[in-house]
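Below, subunit A partners subunit B and then partners subunit C, in two separate complexes.
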Partner chain A sequence: MKVDRRSFLGLGLGAVAGIAISPVGAKLTDDSSIWTQNWPWTPVPPDGKISHDQSVCTLCPGTCGISVRKIDSRPVKIEGEDTYPVNNGGACLHGIAGLQYLYDPCRVKTPLKKNNGRFEPISWQEALTLVAGRLGKIRENQGPDTLACITDTDLGSVPGLFSHFMTAFGSPNHVTMQTLESWLVQTAQTLHGSGRTLGFDLDNADFILSFGAGIIEGWGSPVACFKANSGRRQRGAKLYQIEPRLSNTAAKADRWIPIQPGTEADLAMAMCGILLQENLFDPEFAAGFRGGLNRFNAMVQQKYPVDQVAAVTGISAADIKKTAIAFAKAKMPVAVPGKGRGDGAQSLKEFAAIHTLNCLTGNINKKGGTFVKPVPGYLSFPDPVQDAVARKGAGKEKLAGSARELVTTIHQSDTPVVDTLFVYNANPCYSLNDPVKTRAAFDKIPFVVNFTSFMDETAMASDVILPISTFLERFEDVPSRAGLVRSVVGLARPVVDPVFDTRSPGDALILLAKTLGGTMADSFDWPDYKTCLKSLVPGIWKELSKNGHAVIAQGPPAGRVETNFAFLANNPPTMQPKGDANLTLVPIDNMRVATAVPASSPFAVKTVSDRVIKKKDMFVEINPKTANGLKDGGFVTVTTPAGSARVRLDFNEGIMPGVIGMVKGLGHGFDNKYVADKGVNVHELISPVIEPGSGLDAAFAVKASIAKA
Partner chain B sequence: MSEIENKTEHGSMDGAKESAAKDPKNDTGLGLGVIFFILAFLICFLSGWLLFPKLLYSKHEQPFNFDHALHVQETGDCESCHFLREDGTFSGIPKTESCLDCHTDEPMGETEDEAVFAAEYVAKEREVPWYVYAKQPDCVYFSHAAHITAAGMDCVTCHGHIGESTSSRPYEENRLTGYSRDIWGKNIWGIKKNPWDRMKMNDCAKCHEEETGHKGYCFQCHK
Partner chain C sequence: MIQDKKAHKFGMVIDLDKCTGCGSCTVSCMAENNVPFKEDESDKKDSLTWMRVYKLTNGRPFPDTRTAYLPRPCQHCGGKGDHGHSPCVSVCPATATDYGYDTGIVSQIYTRCFGCRYCMAACPYHARYFNWWDPVWPEGMEKYLSPNVSPRMRGVVEKCSFCYHRYQLAREKAYYEGSDEIPEDAYQTACTTACPAGAIIFGDLNNPSHKVHQIVKPDPHPDPLNHDVVGKSRNPKVFRLLERLGTNPKVYYMSEHEWIRKLGDSYLDGEWDKVKNHHGSASHDG
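After this line comes the complex of A and B, so read on.
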């Protein structure tokens, strides 16, 4: 026998036949096809028990109730809460993306201390000792009023605790950012007396005269406004939108009336004049007019004649008259102030003039009208315990009435007027006009303590950062605001344990007060924030903890409302934008871009049109008639008195000639590859203009020029 | 003889010799080829049948033995531990928390396995990392409620007599796909005798066709 190639052939054939008849072929074919459908590196979330937690969203002033779907203890989705009286099941894109903030790349994960320009992690104990040490020295030097504090708002128990802290410490310098609610409170105070705010019953009004309010672009409580707008179309109520560009709200309105930016107050004054002249005001309500209605009437007839206002606003005299009469003759008319979202730089004169239209129609505190309602006073703080130093400091005059004014005062002062600054839930180094100067002012403050969840522009300018839990990780009372007619207090509840080493702001303040000891510890005699909250809202705690919210007031407020015309009768000046260039740059509020704290989520940024931002390039809306040979999509340099920026042009026939528009909320400079370093921060181009009547920034626009870049 | 003739003569003689060698009676080369064929066939066939499954699947012992028979006897039925939640989702394998309805960190019986459970999982508040024999891949949506409540099926139809087992068999995982061996079935040929022997897509489709008259649509399970 001889082994030859035929033997090998037999071996090979035998092996092939053996394998072919065995299960190997069929099984491996099946397995390999399965393998290609289940890549092992694809992450698969673990399965578990589904539950829903009720809470309240605090991402914007909308105060919507949310239902958080959880698998075991892990939150996986945010939806609108059906039973919540503000949003009735609705949710906006920022709310549904709220979970992204838990794991945001910018989250501050542990207390931080700045050392030679770099942040280094420290423990909570070290951080509290450091801050308490600084505060102790301030009090030793008899200057407790050199502690200042900026919070986003003064509503709710957390800003209340900051206020409580400041008073107990001995400083009157607690100021807030400019929000729609703060403008409404100030308007109500100017026309009707303090302690009140305004609500607009958009759900029932049959004629809404909006002076640039972005009803579907984030004004007020956004989801409630979306719903009101859908309802409006169904019940046939009219919406007239007065603003310089064809916004989404204007596009959905029954009429869009383009107006020269910044002349809204003049238009409202002229309309008041028409109502008074034509005897179209409500005589019954007029019985409550005080402070010189006749003087006001004489002034508007003289200073705001329709023909003159027509020339200023760019709206024909006939149109002004027709609109005013249609408004006055409607059954349930409402005039809505607050351009865009209604926050930031607005004008008290404009708010007051527009609200005067409401007053003249007499549709106040009636269904489908404007509610002049008390600021909900559900919180009962104990009196802070003060020692002699604190009493002396707290009795001093306030340095400023707003965050804007405080920053300007610090910037302009040669000596350090503020030794230590607390910042909570605000990003003044980004969102105040002219942030370069704001940062310069921050550099002048020796010690800045930031209570924040995110490493934003202001956090970067701080010396110590106390990391705060996000709204999904903590308790907080959330009072409704921003033009809602119902007064509702919601309870935000932790739906997940803190992801990082963070605490609720209330807990951080209580711990800080305890570290300071003495009267501060006495003023904060609560073991933790939850116990504190419970004691601050004794009347509604049961309802809050059971239902997740408590309705404090609904329906028209009772009682007579008096209206005082003194402020307007003196004809306060209309603010003019800074600069003398030929174009007017207006900031645009876009629903998809968040403008305050926190910044937009990665999800929200992804939804922004590429006619607003494309990769890193920002677009500026311009009417082709104004473009003067420049190309659509071409690069230009926008120059204003505050600065300049390289942007691209977006030709838009829906913006008035001579006006250019730029979306707010972009151009962040912090370290988040999904959100920051995209476009330009429009505030960097706008110089603040302080309105004498309010002391607040009224820079609704700025003069700008463009040149090919 | 010319050279050419000479060549032809030798050539023909060589040819005659070769044809003698090709005589089947003397063909030892072919015989060896057949033997090699048979040997290789048998080795490969047997390897494919017996050795291949051992290579394809990795074996894992469960964290500790679980006596289903004893628990069924104590609790009465499957639903005591594997129940449908109120919203219709299926609880699957109970969490340690559910076990604590009866157990504590002190063992109730005397088995070593329960001692492991009490010491390692109850006392340390950890979940038992059970291997799940019947786990379907993530691309499959399966509703227990539709089968148990709506179609009135019992557990045994799909899961077999696991409730009568007194110990946990090793879990076998396909090294290539990561699936449990129970999906393809214990039998490497893919032959099934009982409905619970195999649970591939065709098995779902076959039962659906028999019971409902239609195999079902893709999106019913692959959402």
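After this line comes the complex of A and C, so read on.
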């Protein structure tokens, strides 16, 4: 066929028209856009039936109720539980990010044993036999007291079971970390007698005098405190914040009174003096004062005259007087101790002096006041069965009163005082001041057994790791603590089957006791932890299992409170930070960074400002006046008696000249690329300072120098 | 398809005096909307945070410094005159982002987006984020992803949707229960329910019984000084970001402090004093 001009043009036009009209082109474009986005590696979350499980969060001492949204059996979101009497709805970022902990890259997935510095997986049976073998030898050698145990707290049935285990085994050496609750219990013990703790009715008080308490920085039960702060604004209640830097709490306060770090106790003593001198104390409550109120009065007038304290604290004498009088004249004043989150290194003198202000106003055990309340005793443990070895060991003197002291004792002694150490829910190798020495002390302990969900710094220094289910995978009673006025016990319930080969800590202990046999097995005569828990809380189990919580006490406690001034009347010394450099380095509590166990989640780290951490570098807050010649964002070396670190400067008008601040909770050294190896662990720069009255670390700061790096 | 008969105008008011800067809203948003995370999130320019919390400072020296926080979701602009021509919607060549006249919500359809990022350039609030990489979750962590929001892929823009899936669920529930009314508490965004300080109030700005309407008291008339501005608050403590642009955001902010309200826009010397006491049209004072 001959192709002439006419048919060529015809064909061509026909083809153009055909392509234009045909759906092929549009279809191909559409397909290509669909197929280029139809990438199999982008997950498609499976759909299913929506349900909500109620439980309690145990990530921090806040003990908030949570509601977990599930798709079939899969938890997809954690939110605050509206009906839980601690948080009443709302949750903090760490709780909301809680599901990330289930699948955390650092989860310990199976029992591990250290062999030549490397961990190898073993079975639960092997792990229990290994630990029981070691413990059996200790008892054979008549030294059950060489078993020691560190837990985060002594509240609740799980720390209770560790205590039970230690007593049955024959060791008095169960110690805890320093938490806000432990400081409050010790303060109450010092001033009012043992078995008591303090609660602060921030929801109703009309004048809150906070001595650096980070009321919206994670102090106490964070969500409850956030709510109290919001309510305060609506009620018109005043908040005065006494703190060396403009924390979020200080920025929200009605007045921010900058103070030289570490002089809060002196200020509180001077204020006590003003109240006593001006006759602004409550005579009715004063009838319960014991242990030399007159002696205390004479001492504060002599040792803490306002002019002298004004010079020490950097607050004018007129301001001190005005603040003290405003506090005393308020209807419902509350003075709040505990710098930052109120945990870790604090000072008993400071806590006691601040709480004495509460006692002098007489606003104790009243609405809008401070509650001196009994430590809730809802657990009824059976007496542990002890044999002769155990009785002898348990009767020995305690090696140490706290985890801090235990670590120091081990570090300083030449002979091994502890053969085997249990660690549960604590990370002393990270969070005690001077962790290098803590790590050295751990290296001296022949056998460390860690009950943990995550491979953190302390887990890495352990010999055997028993993997523990997270709070979302197990039962546990969760007593409220940390300055709440209401005593509530919550029940954490598993919302998902254990993701890995883990067990609840209670089950691990019961199994270990059974492996040991003899009196140990007799002391742990429960088939599993759930049965055990049920038998330990007979009075409230029904309520717990039905409502998810039981309110043990609310409203002001009844009965008279006696106050004993003996401790303060002796004028215990105010602790000074180590070193003689010209700057004072204070650790900063930042709500977005977790400081205890577990470490921050990836989501939490994502929220951290780029003026706190940038790539791997950490910033230190400094007043531009202090930074003579140095540049904002420039690199410097911070040197303290404990060590030195390379950091960047964050010029901040909100920090006192002469003071520099670093955020706590960063600089982790474990293997999690989302969370660890970012910044510096501020505890590495702080040397502990032991307060004689409490035997505890009171290093609120350290002296530091900076130089261009 | 379920049709909602009434035209809503969902909006938010954030009390900056209550906001503690804790970050719960940010995390709740990320957990609700399957927002991924990377190894290093310290470069905030490419960090996906639909709800981002900015720190404000009054810039004064010690000890008169004060700080505050400002959470910034998508502002769900109504555009000039509140006609639905939001800055991003009007530039999108793919209709991947659209204005919902029944809700006032600015949508984002990931599968339509081809990543030109015009919308990001057009958004005066930096509320839009681009996926430079495919999302990667650590092994097993994809198990917590919610089926209500599809995870995004590399090359698309994403932003806050006022938790639109929660609106859909609430609407379906209302329909199932035979009602055409969505109760105020049936549709709340993830940031609102998470906020432990109760700083975020969410609801229908068109509904006088909703708290957000009662606080904002939106002016139904255009601003006499600038006819592009509609829905200006008649509450002297309430302001919007860059209000004078006429983008008409549906996110309002509230503060007692003048220095915070002043930071809502970039004012020239003397400008603030002229506008600070102007709250809506004179005919609706009080």
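One rule holds for everything that comes next: the second predicted complex is superposed on the first by the 668 of 709 C-alpha atoms of A that agree within 3 Å, B and C clash if a C-alpha of one lies under 4 Å from a C-alpha of the other, contacts with A are read in each partner's own complex, and residues count from 1 in each chain.
Here, a residue touches a chain if its C-beta (ideal position, glycine included) is under 8 Å from a C-beta of that chain, and two chains touch if they have at least 3 such contacts.
Please read these numbers as outputs of a predicted model, since none were measured by experiment.
Engineer: Touch check for A:31: first (subunit B), second (subunit C), both, or neither?
Structural biologist: first
Engineer: When the two structures are overlaid on chain A, which partner does A:14 contact: first (subunit B), second (subunit C), both, or neither?
Structural biologist: Touch status of A:14: first partner only.
Engineer: By the touch definition at the top of the document, which applies to A:235: first (subunit B), second (subunit C), both, or neither?
Structural biologist: neither
Engineer: Once the shared chain is lined up, is A:602 touching subunit B (first), subunit C (second), both, or neither of them?
Structural biologist: second
Engineer: Under the stated touch criterion, name the partner, subunit B or subunit C, that contacts more residues in subunit A.
Structural biologist: The partner with more contacted residues on subunit A is C.
Engineer: Between subunit B (first) and subunit C (second), which, if any, makes contact with A:47: first, second, both or neither?
Structural biologist: Both partners.
Engineer: Considering only the touch criterion stated at the top, classify A:631 as touching first (subunit B), second (subunit C), both, or neither.
Structural biologist: A:631: touches no partner chain.
Engineer: Give one of first, second, both or neither to describe whether A:610 is in contact with subunit B, with subunit C, with both, or with none.
Structural biologist: second
Engineer: So in the superposed three-chain picture, is A:23 touching just subunit B, just subunit C, both, or none of them (first/second/both/neither)?
Structural biologist: In the superposition, A:23 contacts subunit B only.
Engineer: So in the superposed three-chain picture, is A:646 touching just subunit B, just subunit C, both, or none of them (first/second/both/neither)?
Structural biologist: Neither partner.
Engineer: Could you pull out which residues of subunit A sit against subunit B in one structure and against subunit C in the other?
Structural biologist: Subunit A residues touching both partners: 34, 37, 44, 47.
Engineer: For the complex, give me every residue of subunit B touching subunit A.
Structural biologist: Touch list, subunit B to subunit A: 28-49, 52, 56, 85, 87, 89, 91-92, 137-139, 174, 176-179, 184, 188-190.
Engineer: Would you pull the subunit A residues touching subunit C in the complex into a rising list?
Structural biologist: Touch residues, subunit A against subunit C: 33-34, 37, 39, 41-48, 69, 71, 74-80, 87, 89-93, 96-97, 99-100, 102-105, 216, 222-223, 226-227, 229-230, 233, 246, 248, 251-252, 256, 258, 499, 591-592, 602-611, 613-615, 623, 625, 653-657, 673-674, 678.
Engineer: Please give the residue numbers of subunit C that touch subunit A in the complex, ascending.
Structural biologist: 17-18, 20-24, 26-28, 30-32, 34, 37-44, 47, 49, 53, 55, 57, 59-63, 65-69, 110-111, 114, 134-135, 137-147, 150-156, 190, 193-199
Engineer: Mind pulling up the subunit A residues that touch subunit B in the complex?
Structural biologist: Residues of subunit A touching subunit B: 1-4, 6-19, 21-24, 26-28, 30-32, 34-35, 37-38, 40, 44, 47, 49-50.
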